[in-house]
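Next come the structures, one after another.
What follows is a pair of complexes built around subunit A, which joins subunit B in one and subunit C in the other.
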Partner chain A sequence: MAPPAQLANCVRGTFRASSFRPTLWRQRCLYHSYEYSQPPPFPPAEAAILSSAISHVPAFGFTLDALKLGARDAGYLDVSTNLLPRGVFDLVNYHLVMQRLALKDSVQFPTEAEQGTGKKIGIGAKVRTLTLARLRANEPVIHRWQEALAIMAQPSYAPPSFAELAKLADEIWFLAGDTSVDTSWYTKRASLSAIYSATEVFMTQDTSKNFAETEQFLDARLEDVRKFGGFLGALGEWADFTGHSAVNVLRSKGLRI
Partner chain B sequence: MPPVLLSTRPLARAARCHPHYPVLDFLAPRTIPHALHQKSRIHSTPPLDALANAANPGTKPPLTPSQRDFLDSALRVNQAGELAAVLIYSAQTPPLVRSHPHLRPLMQHMYDQEAGHFRIFNSLLAKHRVRPTLMYPVWHAAATALGWGTAVMGREAAMACTEAVETEIGGHYNEQVRVLLEWADKLDGRGELGDELRALIGELRRIRDEELEHLDHAVMNDSKDARPYELLTNVIRGGCRTAIWISEKV
Partner chain C sequence: MSAQIPKQLLRRQLLAGGRKKVARESSRCFSCSIRHAQQQTAPPKSPREGSATTHFGFETVAEALKEQKVGAVFSSVASSYDTMNDLMSLGIHRLWKDHFVRNLNPGRNPLTSPPNADQGWNILDIAGGTGDIAFRMLDHASTINNDAHTRVTVADINADMLAEGRKRALQSPYARTPRLKFVEANAENLDMISDASIDLYTVAFGIRNFTHKDAAIREAYRVLKPGGVFACLEFSKVNNALFDAVYKRWSFSAIPLIGQLVASDRDSYQYLVESIERFPSQTEFRDMIREAGFLVPGQGWEDLTGGIAAIHKGVKPA
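And now, the complex of A and B:
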């Protein structure tokens, strides 16, 4: 084999041997099949304990007490909470995961046929609806949510919390019908994650009727992103156009490029 | 773990679908138990024409995490590869066709086929919720530079670039088809092979054949006469392999 090919093979072998992917990353990037079922998000015993514990959160907060009462309700011993190695974070995580998975069923958009000749709901409007739906799903526990945010901010639980936030942003864009698969895939999810988490924090101190101020806050953030995104898009188009025109003019002058 | 999960799937499903606390539906804000509220909903078509899938969501046993991992990175790399191919051809065409106008139909034909492949992988990525590679803008720039660079080097160099890229891509698709056929054999034995995988294997085979056809066109158009042939093809093939490895991970 010629030297460059040998080198390429050797380097490739090294890369393969040291191929390391953090477990977190692996869990995020998974192919979604329509014919093969998805594995359930939680093992059965943990799911039973956590689902009962969640109902105690409004009264007891995201605490071990809620977990113990949940274990008791589910018919397990108090000590069964040791099944949950991350303790109260597992309870917060359960709430996050279940509310994310519930979005698909809790928000339905009318089909083309049902809408008739009325104005089609745009993807932006769908994203707004889905984000508000997810925020409202926090309402039963909103008075305990600052506690949950504090738990999520702990250094060992921050990475899984970010992962859940990213999954939520992905879920919202997917349910809104977004089909982009270029760099905007990342920018859309990053901006939505930032907007969602800011609005969630705002909601914890919102005392207005029916969280009207939270809705306004969300609308203002979405408007900001729309304006900024619009500006960047226009700038990109202009740069693209100018570049292509310059090259074409030079070519028409006979420059061999 | 998987066998335990499978046997208690109904329990897990029940736990998932019926949270034990009131859920406020944004569209009709009132506190009622989630299970009751389900009945009064208007059902509609979820996005991406997944109506049939939603009505009958995944009845076969789940794919293993390593299988989903493989499909995820395979589709991501394929999309990145087709992006690069489309850009290489569109960057090569203007300089090449200026000096060799008779190559226009060939370049157009190859570009059209690559654009078709790109569309297919874009739709597969969107449908199966696979994320595109983070290196998308880097590959965009690199492929444009490669196409333009080899085209100004000359017709033979451009064809040598096509030959090198298509050799790597053909081998890469072949490997994927081989792995998927192995899975298909095992799943068929259990009676679990569905249209999804079958269609994917069929598409990959067709695309691989078209890529190898481009390879043949490149060789027929004097790619082997490029100077320096060995250096050019080995550098490009090495670059392709590196790009494939990176796109699988990132």
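And now, the complex of A and C:
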């Protein structure tokens, strides 16, 4: 488990760091899903309970009930959910981690040799494809995703949720083949995180066929960044949007905010 | 340290207090220790193996004697027991117990459970003496999870503590129902409980008094169903040096004195304070739980109030 923890520390560290030192960062933290074989992300018993529980999320949401049903399916008892100290957040986190790690297999770009002399797929287009693939992985639980967002917004779970988002952005740029080590490295990851979050929230309210509007929304955000080159605008919008809906969900659960 | 001063007194009083217990319990105690001796063919992790002595607070005493001495302590504090807990926990042990129980979330909600599954949880509360944990468990199961089937067996080595528990049960809705049972038993040897029969094993502020903690944890493992949970609430190691110094000063000097005032029983309290100080650290205890075969959630424990107490859990693999 050392490498993920290390990565999380690095990510946190870099957000704090005032001097940009991308090269160093990459040397210390170079760690991506397919660089070398990794230990499984969750210990076996936890993985067994959580993977079964995920299949109950469409019907029961990100709830203790889904966890208990998962435990039963995996041959455990209701009480065995005590193995997961963060309860429902562990369930949300499982989904986040597994879908991030699944990206490298679900999206495969042709290698340069396979592409031959045809037009190359640009890094930007790859980022778009990967981001969309990740968003689509939320489809089976999209009607429950506001619940998940509300859980992630709770004070003790916000930092690990944020760290996981940073890992996702990093993974996407990495799989897209971005090798830049200049100061744009941070900007790219920060703007992608912001865009991803905003689109993810948009998607929970999207009733269009096959999430066509979500796709348009994503394209518009990516276009903004391309045109204006900054990520601050997008960040503002992201904060606003997420802040709002998370507050609403928490209110609907009886919290006075 | 002030622990040294009342030694004479301590020894005299405890032996005097223990004498009537010796008479009553001697046969059982001796047979227990013989059984221990047989059981310990499996290599015990305890460095104490082979030696016949153990700790009684900071005193080293013969193992057979510790059980009697602990018995004497709890007989003598049985009724003023809450006061003692209030002093040791700075008045917050009730909150810790509430948290302990709420977090375990006992009970099976019939509305959200598959109909074929068995009803309620089978809970064993070890060293449950006064029934404090048991009543909370049953209340939680009934009111939070609409579960009228979850049942608790309260086990304690000390008949006086059990009597206190039975008395208190009369003021609860659970007296004389199949949901609450009291049995006299040593945690290190739970012969009357069959293998793999328990969903949740709890021990609150009890395990530090056991002569062989590792044997007790192995018994817990035996009686739990696969997937069952071992949960222990116990005084632990304060993790902030300054707070630790303050708390130690408080517990070593103030508490025995107050104990004397409120219960006129300084020595029993002295023992309690010392036994807390002797208890293994959070990581050591977590490793003991792992050693017995349990999976531990996350880092294995949760500190309460800066580590004055901690909750350790283990899950028996399915």
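To be clear about the criterion, the second predicted complex is superposed on the first by the 192 of 257 C-alpha atoms of A that agree within 3 Å, B and C clash if a C-alpha of one lies under 4 Å from a C-alpha of the other, contacts with A are read in each partner's own complex, and residues count from 1 in each chain.
Just so it is clear, contacts are C-beta pairs under 8 Å (C-beta built on N, C-alpha and C of every residue); 3 or more make two chains touch, one makes a residue touch a chain.
This is a predicted model, so every value here is computed, not measured.
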In the superposition, subunit B vs subunit C on subunit A residues touched: B
First (subunit B), second (subunit C), both or neither touched by A:41: first
Touching partner for A:105 - first (subunit B), second (subunit C), both, neither: first
Which superposed partner A:83 touches (first subunit B, second subunit C, both, neither): second
Touched partner set for A:71, first subunit B, second subunit C, both or neither: second
Which superposed partner A:137 touches (first subunit B, second subunit C, both, neither): first
Intersection of the subunit A residues that touch subunit B with those that touch subunit C: 43
Subunit B to subunit A touching residues, read off their complex: 1-2, 4-5, 8-9, 11-13, 15-27, 29, 34, 38, 41-48, 50, 53, 57-63, 65, 68-69, 71-73, 75, 79, 94-95, 98, 122-123, 125-126, 128-132, 134, 136-137, 148, 152, 192, 194-197, 230-231, 234-235, 237-238, 241-242, 245, 249
For the subunit A and subunit B complex, residues of the former touching the latter: 2, 4-5, 7-8, 11-12, 15-16, 19, 21, 26, 29-44, 47-48, 51-52, 54-55, 57-58, 98, 101-102, 104-112, 114, 129, 132-133, 136-137, 139-140, 170, 174-183, 185-186, 210, 251, 256-257
Subunit A contact footprint on subunit C (complex, rising order): 104-106, 108-109, 112-114, 117, 121, 199-200, 225-229, 231, 295, 297-298, 302, 313, 315, 317-318
Residue ranges of subunit A touching subunit C (in the complex, touch as defined): 43, 45, 60, 64-65, 68-69, 71-72, 74-80, 82-86
